[in-house]
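This is the structure I have questions about; it appears just below.
Note that the chains are named A, B, C and D in the order they appear, and that numbering of residues resets to 1 at the start of each chain.
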Amino acid sequence: MIFNIPFIAVAALIIIGLYAVIFRKNLIKTVIGITIIESGVNLFLITLGYREGGVPPIYTNLPEDVSIPRGMVLPVPQALTLTSIVIGVAVLALMLSLVIHIYRVYGTLDVRRIRRLRE
Amino acid sequence: MSEIVLKTIVGTIVLALFGIIFGLLYKGIDRKLSAHMQARVGPPIRQPFRDVMKLFTKENVIPRHAIPWIFNLAPLAGLVATISILLYIPIGGFEPILSGSGDLILILYLLIVPSLAMVVGGFASGSPYATVGAQREMVTMIAYEFPLAIIIVSIAWKLNQLGNVDVFALSTITANPVWNTASGPLGIIGFAILLIVLVIVTPGELSKIPFDAPEAETEIAGGLLVEYSGRNLAMFYLTDGVKTVIMASLIVVLFFPYNLSNILGITGVYTTYALDLIFYLLKVFLVILFSVTLIRVGVARLKIDQIVYTYWIPLTLLSLVGLVFIMWDGFVTVP
Amino acid sequence: MFSIDTGSGFWNPILWVLVIIIAFLMMYILRSLGRKDYRKTTEQIKPFLSGNPELEKDKMHVRGSNLYWGFRESLKGFYNVLLKLHSGNTSDYILWFVVIMAIFFIIIGVI
Amino acid sequence: MTSIEYIIDHSPALIIAIPLLGAFLTPLVSRLGSRIRNVFVIIVAMLTAFLVFLLASDVFSDGIRTYIFGSQDLTTPVVRILFEVDGISIFMAIISVLLSLLAAIYSWSFMKKYDGLDKYYTLLLLMTAGMLGMELTGDMFNFFVFLEITSISSCALIAFWTHKGEAVEAGFKYIVVSAVGALFVLFAVALLYGQYNALNIATLANTIQYSFLDKIAFVLLITALGMKAGLVPMHMWLPDSYSQAPSSVTLILVGATQASLYGVFRMCFTLYGGVFADGILSSMTVGWFIVVLALVTILIGVTMAIIQTDFKRLIAYAAVAELGYMFLGIGVGLTAMGTSYGKTALDGGVFHILNDALDVGLLFLVAGSIYYATKERDLDRMGGLARNMRYTSMFFIIGLLAVAGMPPMNGFASKLLIYESTYQLSPILSIIAILSSILLLAVFVKVFHSVFMGPELPRFRDVQEVPRSMLLAMGIIALIIIVIGLIPGIVVENIVQPAANSLVNHLDYISHVISIGGV
């Protein structure tokens, strides 16, 4: 059970994020929602990378009894998470800058009023 | 390769003349008959030929707001596209010249071109009347295309279900008359429904009463043809005649592809071809009589939204019922 | 080689273009038998308006949104629903995404 | 090894590297002057296009080609990225690179009056690199990365005219939609990685079990990529962003949307191809689901298009309808897997990708030209432009006929393949497809009237024909449209069928990786 907690957290984060995107009216909250979804996905990735009793993939301070590379944890999920975080930051920055521009032109952040484009 | 090219060239010339002459002839007969039905004397049968001759001697006015190159090109393009359909349609006992290079879907699309040419020509004349007429023509086109597509696809589906290949090719359809493909009364009823719908689609395709809202002389003064005169109008006039022949031939091909020579068991090349051609012309005449003349005389013009309604709701539902019958028929018998 | 064959039909554009060229030439010759000229200075080049006075040019042009009135009129109910669905609200876009995802998952999960 | 073979060997890497490098060199080059920068961007795009064509000729003659980034020893676990180029990848890459090149040419005059162009061109090339990456990569996570690169750069380009509120709004909607979509793709990738310890598409396809988690991953992938490809009812971002982006950007956006569509193809036919082929998951279920959505896409696309008054928004809805035809091709291909008509439908769907990119692209460029000449996008305020803009109106007529699938344009050939195969699954599919095609014709005839016809309006008396670079871009597309329309048999045989075959024969994709020692 205890090992499932991260996965429950992942599901909870994604659902909270989706809730914020769908039901919150403020654009900033929409952005926050997307960031929460992203955290959920990142948490999922990093959880997958956890191996019980694994050894970090650093060759220089390897314990004596560990054979190479069998006992090592494959660093792929960590690498994926890092990449994903970097991309996430870029998306976040872009979204926030667009929100600033929207506020300048529309004078509001209410998602119900930012719909000149419809039909 | 060079043989088919030569055949195509000769065929185009012969069929263009055939289409124009018989188109005008049938137009004359149609006018005479409808006049008699309305207790008038009516013009002589050769009147359409005289009309064309007269139009050629009239001034070819290009109105001020028109866009000349489109205004002049549209009638020509429509007529040319219409003539090209004739090469894909079997006439009498003759195999179509381009039988292996085009099918029913192509004909369906090529039939749009003359209407499209009229629409574009109407828009290009820059007159409000013509614009109103042109957009009505376009709406009518959308409207009748729905039942028409159902009819064509149903027939192809049925033939495919029976294991034929090239089911959209007219040669396959004439080789397997639809009435023979039905395996029970359900199929026969289904095809009969489709035939009725196709007969009602025909006046829409030809912009004849009751679906002539695009031209409506009494309200928009001839609609999309209002600014046309002289030889440009003559082109449209010829297009109309050729298109009538084509639509009638299509009904003949889809539903009555029988040849008299097979039934009577006549041999001999020339007599067969002559007999089949005469029988074909008779069939075309009968189809025109029912789908153009009788409907035209019998009913009044519909409003444009009524046209859309007529085609999209009752007729589409009717043809869907026909399709369902045909499919049912197929599922019952195919083990 | 130039034609495509779908197994249910075929289409050869080259021969069709040949037909079009020949028919075009024929009809062009036929057309050129007709009278070419017209008097450009008289009133006959004015658009026909049943004798009504000609309006200024902006008003003579039928606007794009006025076209296809008959079509829209006969499908009014359909369009009212459709336009309501296109709300332009960002949240709705994501809502549709979640809805389709749920439907798809149910379909795959059940069947 | 001759030098040309050497280039072909490394071309999968170069195709990504050249636009990527070009993108970040552009700000430097633009210091030398705007003309030099424009030439530089066009040269970069042409070089990429050249490499893509070189690779295409190789792939179409010799089959799948792989390129390994990282450890060349394939027996060690995943510390590499594999590019795997097969028929459909290179087919899509041809389309993308063609659109980018044309957009670069078109931008020369179209964007001349605006500033910030060094950033504009950087993003343009970045987007090209992203699209090509999505199409060439054989790695799931890499696919996600390129998806995000494409989304970010296209979002920035959609909102390029930040002084317009609508453009920023469209950009924001686009980034929300694509961020959420991409995150779900990443989630699906993580689900797959967690189970099979692999990221390579071929490896995954070889070992996939179709467990419960695989089901979730499949749903996430198809829905997220379907949204990015504009599947109704998740299409609403598409008219917003297509209509607000500068026209040259819209042209590439068509390519970006189709790159997502390629993702749907790849997931359905390669990654889960074995699952369908073994009958673990009935391809009928998924196929019918896609078919139904495709029909809805076609119908809603055209019916919405017919009532629009904004020129570009109208084309965008028409593009939605066109996407429906492609989905119809995939759906029928999936439902009727293994039958000859299923294959024909798939051929038609794949062929239509090419045709749609050209037809809709041409119409968007025409809309851009009209905007350039008149600063107008509202159909109700235009009229009579065929007098002053004769070439543009001619290109519009070609685009109109092509998009409505009138013979002898290219659209007719691909739609014919779709009509004459889908009816065997259910007649109603062909009927709707034929009907919608006529509706598309009506849509563009309306545009034709309200933009080009009618009396000469006084305020457009001085309108000039657009500059040569824009005419050149439109002319090239129009020429390709006509050529493909006249020789559809050759195109289908040599380009489309290899692409569709590579989708159907998913085992080739897997076995090629095995044959070079992977998995």
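In this text, a contact is a pair of C-beta atoms (placed from the backbone, for glycine too) under 8 Å apart; a residue touches a chain by one contact, two chains touch by 3 or more.
From a predicted model like this one, the values you see are computed outputs, not experimental measurements.
Among the pairs A-D and A-C, the greater number of C-beta contacts is found at A-D. Inter-chain spacing, taken between the CA centroids of subunit A and subunit D, is 28 Å.
Subunit A and subunit C have CA centres that are 46 Å apart.
Centre-to-centre, using mean CA coordinates, subunit B is 39 Å away from subunit D.
Rounded to a whole number, the gap between the C-alpha centres of subunit B and subunit C is 20 angstrom.
Residue positions of subunit D touching 2 or more other chains: 172-173, 176, 180, 240, 304, 384, 407, 412, 416, 420, 423-424, 442, 446, 449, 454-456. Each of residues 18, 21, 27, 30, 114-117, 119 in subunit A touches at least two other chains. Residue numbers of subunit C whose C-beta contacts span two or more other chains: 3, 6-9, 11, 16, 57, 60, 62, 67-68, 71, 75, 86, 88, 90, 94. Arrangement of the chains shown, judged by which pairs touch: an irregular graph that fits none of the line, ring, star or complete shapes.
Remark: the chains found to touch one another pair up as A-C, A-D, B-C, B-D, C-D. For subunit B in complex with subunit D, the touching residues are 64-65, 67, 69-70, 103, 105-106, 108-110, 112-113, 116, 119-120, 123-124, 126, 131, 134-135, 138-139, 141-142, 145-146, 149-150, 152-154, 156-157, 160, 168, 323, 327. Per the touch definition, subunit C reaches subunit B in the complex via residues 3, 6-12, 15-16, 18-20, 22-24, 26-28, 31, 33-39, 44-50, 57, 60, 62, 67-71, 73-75. Residue ranges on subunit C touching subunit D, taken from their complex, read 1-9, 11, 13-14, 16-17, 57-58, 60-65, 67-68, 71-72, 75, 78-79, 82, 85-86, 88, 90, 92-94, 96-97, 99-101, 104-105, 107-109, 111.
Listed in rising order, the residues of subunit D touching subunit C in the complex are 172-173, 176-177, 180-181, 184, 215-216, 218-220, 222-224, 226-227, 231, 233-234, 236-237, 240, 281-282, 285-286, 289, 293, 300, 303-304, 306-307, 309, 340-341, 344, 348, 379-380, 382-384, 407-408, 412-413, 416-417, 420-421, 423-424, 442, 446-447, 449-451, 454-458, 485-490, 492-493. Residues 18, 21-25, 27, 30, 111-112, 114-119 of subunit A are the ones that touch subunit C when the two sit in their complex.
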